[in-house]
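This is the structure I want to talk about, given as structure tokens.
Chain IDs A, B, C and D follow the sequence of writing; residue 1 opens each chain.
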Amino acid sequence: MTLQELKKDVFEANLELVRRGLVIYTWGNVSIIDREKGIIVIKPRGIEYDDLCADDMSITDLDGNLVDGTKLLPSVDLDIHIAIYKHFKDVQAIAHTHSTHATAFAQARLDIPCLGTTHADHFYGPIPCTRALTKEETAEDYEKHTGDVIVETFIERKINPMQVFGVNVAGHGPFTWGATSTLAVENSVILEELSRMAILTRQIKSDSMLLEDYALDKHFLRKHGKNSYFYQSK
Amino acid sequence: MTLQELKKDVFEANLELVRRGLVIYTWGNVSIIDREKGIIVIKPRGIEYDDLCADDMSITDLDGNLVDGTKLLPSVDLDIHIAIYKHFKDVQAIAHTHSTHATAFAQARLDIPCLGTTHADHFYGPIPCTRALTKEETAEDYEKHTGDVIVETFIERKINPMQVFGVNVAGHGPFTWGATSTLAVENSVILEELSRMAILTRQIKSDSMLLEDYALDKHFLRKHGKNSYFYQSK
Amino acid sequence: MTLQELKKDVFEANLELVRRGLVIYTWGNVSIIDREKGIIVIKPRGIEYDDLCADDMSITDLDGNLVDGTKLLPSVDLDIHIAIYKHFKDVQAIAHTHSTHATAFAQARLDIPCLGTTHADHFYGPIPCTRALTKEETAEDYEKHTGDVIVETFIERKINPMQVFGVNVAGHGPFTWGATSTLAVENSVILEELSRMAILTRQIKSDSMLLEDYALDKHFLRKHGKNSYFYQSK
Amino acid sequence: MTLQELKKDVFEANLELVRRGLVIYTWGNVSIIDREKGIIVIKPRGIEYDDLCADDMSITDLDGNLVDGTKLLPSVDLDIHIAIYKHFKDVQAIAHTHSTHATAFAQARLDIPCLGTTHADHFYGPIPCTRALTKEETAEDYEKHTGDVIVETFIERKINPMQVFGVNVAGHGPFTWGATSTLAVENSVILEELSRMAILTRQIKSDSMLLEDYALDKHFLRKHGKNSYFYQSK
């Protein structure tokens, strides 16, 4: 993709979050990385979606420095995106929202449990909630530490980020990712819907059981595994 | 109906699920059977609704073999549909969704109880939840076994599928049916609304009582019985 | 109003229920009475809103007999409307829905409690839930008995139907009324919203208190009392 | 702003409440104050939004007396607005709604707790609920006393109204404010969303913890503090 195309791609992905009802006002942001060009394209900070155009997207290098020609400061969450890109090498795009039901799980500081096949079709196991940041991590380089705590969660709990395409930051909200901006946004939409279903399920039956492991395997792998038969071709 | 009309009918029924808010992305599918022609028409697998047209619908025989001229593989859920068609002789169309509140009941693995006349107008008793599939049933011929467990539920519990036009598969989600694709879809919409009402009712009063049997009879039969007076004519 | 205008008025009121999200498919109905002409105009039974026009509205006399020229049978709920009109002399229009949250209260068979000033602005006290109909009342003249049990509720509990403009029928759903079809429909919309607020309030605090009587008086009477100052003029 | 512009500003802000789904019928109102001109512009009482135009807005002096040329009586809540303007000198606009989830907290008579960073981005601590008005305060000058009890809440609890831009009146509903009508309305939208998230969070985990004070500081101050870095420039 050319720089022009990258900007358009990120802009459209940001708008899709609004259209899907996941984002109001300036909340939320999407970025993509071009690992060959060594750049990240991300929504600029603090500007309403109505006032943005594709050309307004911010471009930085992989350390967060503005690339020549960029007029607007990147999202304040840039350093979270950078930490994820640095450690999760197959992630090419990241979406962040404060979508209602997913954020409720972040605020409850609990994993989103896998209660059914809808979940298993898209995330290979529970969607983790990070630990809270410490006072020190919050005071200095807050956004970088937020990214680090996401990475730490996946490493310590031995979760593969290309099988569980998202996370909740404790007390904050969800980040999702994928191989394209379309998939990153789609995973935000699905994570929100799974959160809503999980809340309702537990409301019907407070101790409702987790999906059986063999059903989780079946559903995730028939769609994402190497013997996948969910799509028209592999 | 001609083949062309059958395809258009299935395509429109699939779109109606999206319009009614029951389906996002590639989730859900509708099929119809033409028992004289010996064919099933169903949404193809893994393609976004926006990218589909009526002519893309898949056609198979009653064993699931692709009929000549069909370009796209059928929904991965085809074998579930086939099992239902095979055992429930009056079913002419089937709809499957992951609609939020119905799926929550599937995940809680509980029947949707009949708590009021809205339910009684459309389903003659509780909407059953199947047992979970075993590890063996899941490993091999998963979709066929899912269909079989639906049929088993109706036989073992002596439920008439032309009086209770739907089911929840444990841990998965709802399937509904009817004499036309319009009715199959309508039953999905209504099953979702009944699930939502049941959750709210139990939230107001956790031990709220079931509708009296005589009220269930009255409401179902004034609409569906042989002395029905719900419509303009019989 | 001419007959033509009465039909248009009822037709538009029925459509408003759909637009407000209170009604799907053939659910719900609105009627008005012209006490001088001795007629009731009501939605016909069992026909989708999309297939209706103003001229399709049914016209009956006050005993429910079709008036000459009427082609379509009236709503099966006609006898409920007639019972209400017969006993509540100031009611000029009635709306019936199965709106989600109000129906949940009907299914829980509990009054909708007055928990705040939003309620007090529109209903002077709790919105009652009737007793359930007996087996005998259900078997024969079911709809007439449903109307009677509504009237019984207001008489036995000494509720003024022109201060509490609606009721829930146990296990069934809400009926609302007013001096015009616009007000009858508006009261359905508000009853639904009050039900939703009440459920959420009790979810936050299960023993949340009722609004103080003096606040109920203040809010209802500043809008509906003879010293009302809520509108531009009296 | 000219008088014409002030009226248009208030009119548009009132419509925005409807568009955002916070207001139905005549519910809700927005006002702005021009402290130099000594006037308040506010929605007139008891008129549907569809029947209003910008020129219909009411104009009063700071004691609530109609200014020459004003044709319509101001909102019955005018005296609440006046009390807030009188004591909170930096407030330039006020919005009042009966939005569903915020009103549920008002009816439960509990503060809206700060459970996450979404809250901390916009309100510097819990959103308080006032005490209930006494019988005497309700009987006479009810609206003025409602305003006074809002002011009392902020003074007694030492809350800065330019850090917590809103309040719930016990048993009634939310008032929000800001330096412009756009911000006052935005704070109503956000308060509603925070209420919804709080209810869901407590539903997932009934004793879910408050956001850490250091995280509250970080999020509020990076956006609103003097070292803010949330926007393109300070």
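Going forward, a residue touches a chain if its C-beta (ideal position, glycine included) is under 8 Å from a C-beta of that chain, and two chains touch if they have at least 3 such contacts.
None of the values given here were measured: they were computed from a predicted structure.
Asker: Same residues or different residues where chain B meets chain C? The copies count as same if more than half of the interface numbers are shared.
Answerer: Mostly different residues form this interface, as fewer than half of the numbers used are common to both chains.
Asker: Rounded to the nearest 5 degrees, how far is chain C rotated relative to chain D when their C-alpha atoms are superposed?
Answerer: C-alpha superposition angle, chain C on chain D: 90 degrees.
Asker: Roughly how far is chain A from chain B, centre to centre by C-alpha average, rounded to an integer in Å?
Answerer: 33
Asker: Go ahead and note the Å separation of the Cα centroids belonging to chain A and chain C.
Answerer: Comparing mean C-alpha positions, chain C is 47 Å from chain A.
Asker: Which residues does chain D have that touch at least 2 chains other than itself?
Answerer: 203
Asker: Pick one for the touching-chains graph, please: line, ring, star, complete, other.
Answerer: Graph shape here is a ring: one loop, exactly two partners per chain.
Asker: Can you list every touching chain pair?
Answerer: The complete list of chain pairs in contact reads A-B, A-D, B-C, C-D.
Asker: In their complex, what parts of chain B are in touch with chain C?
Answerer: Chain B residues touching chain C: 115-118, 186, 189-190, 193, 196-198, 200-201, 203-205, 208-209, 211-212, 214-215, 218, 222, 229-232.
Asker: If we count contacts the way the header does, which residues on chain B are in touch with chain A in the complex?
Answerer: Contact set of chain B toward chain A: 24-25, 27, 44-47, 72-73, 76, 98, 100-101, 103-110, 132-133, 135, 138-139, 142, 171-173, 199, 202-203.
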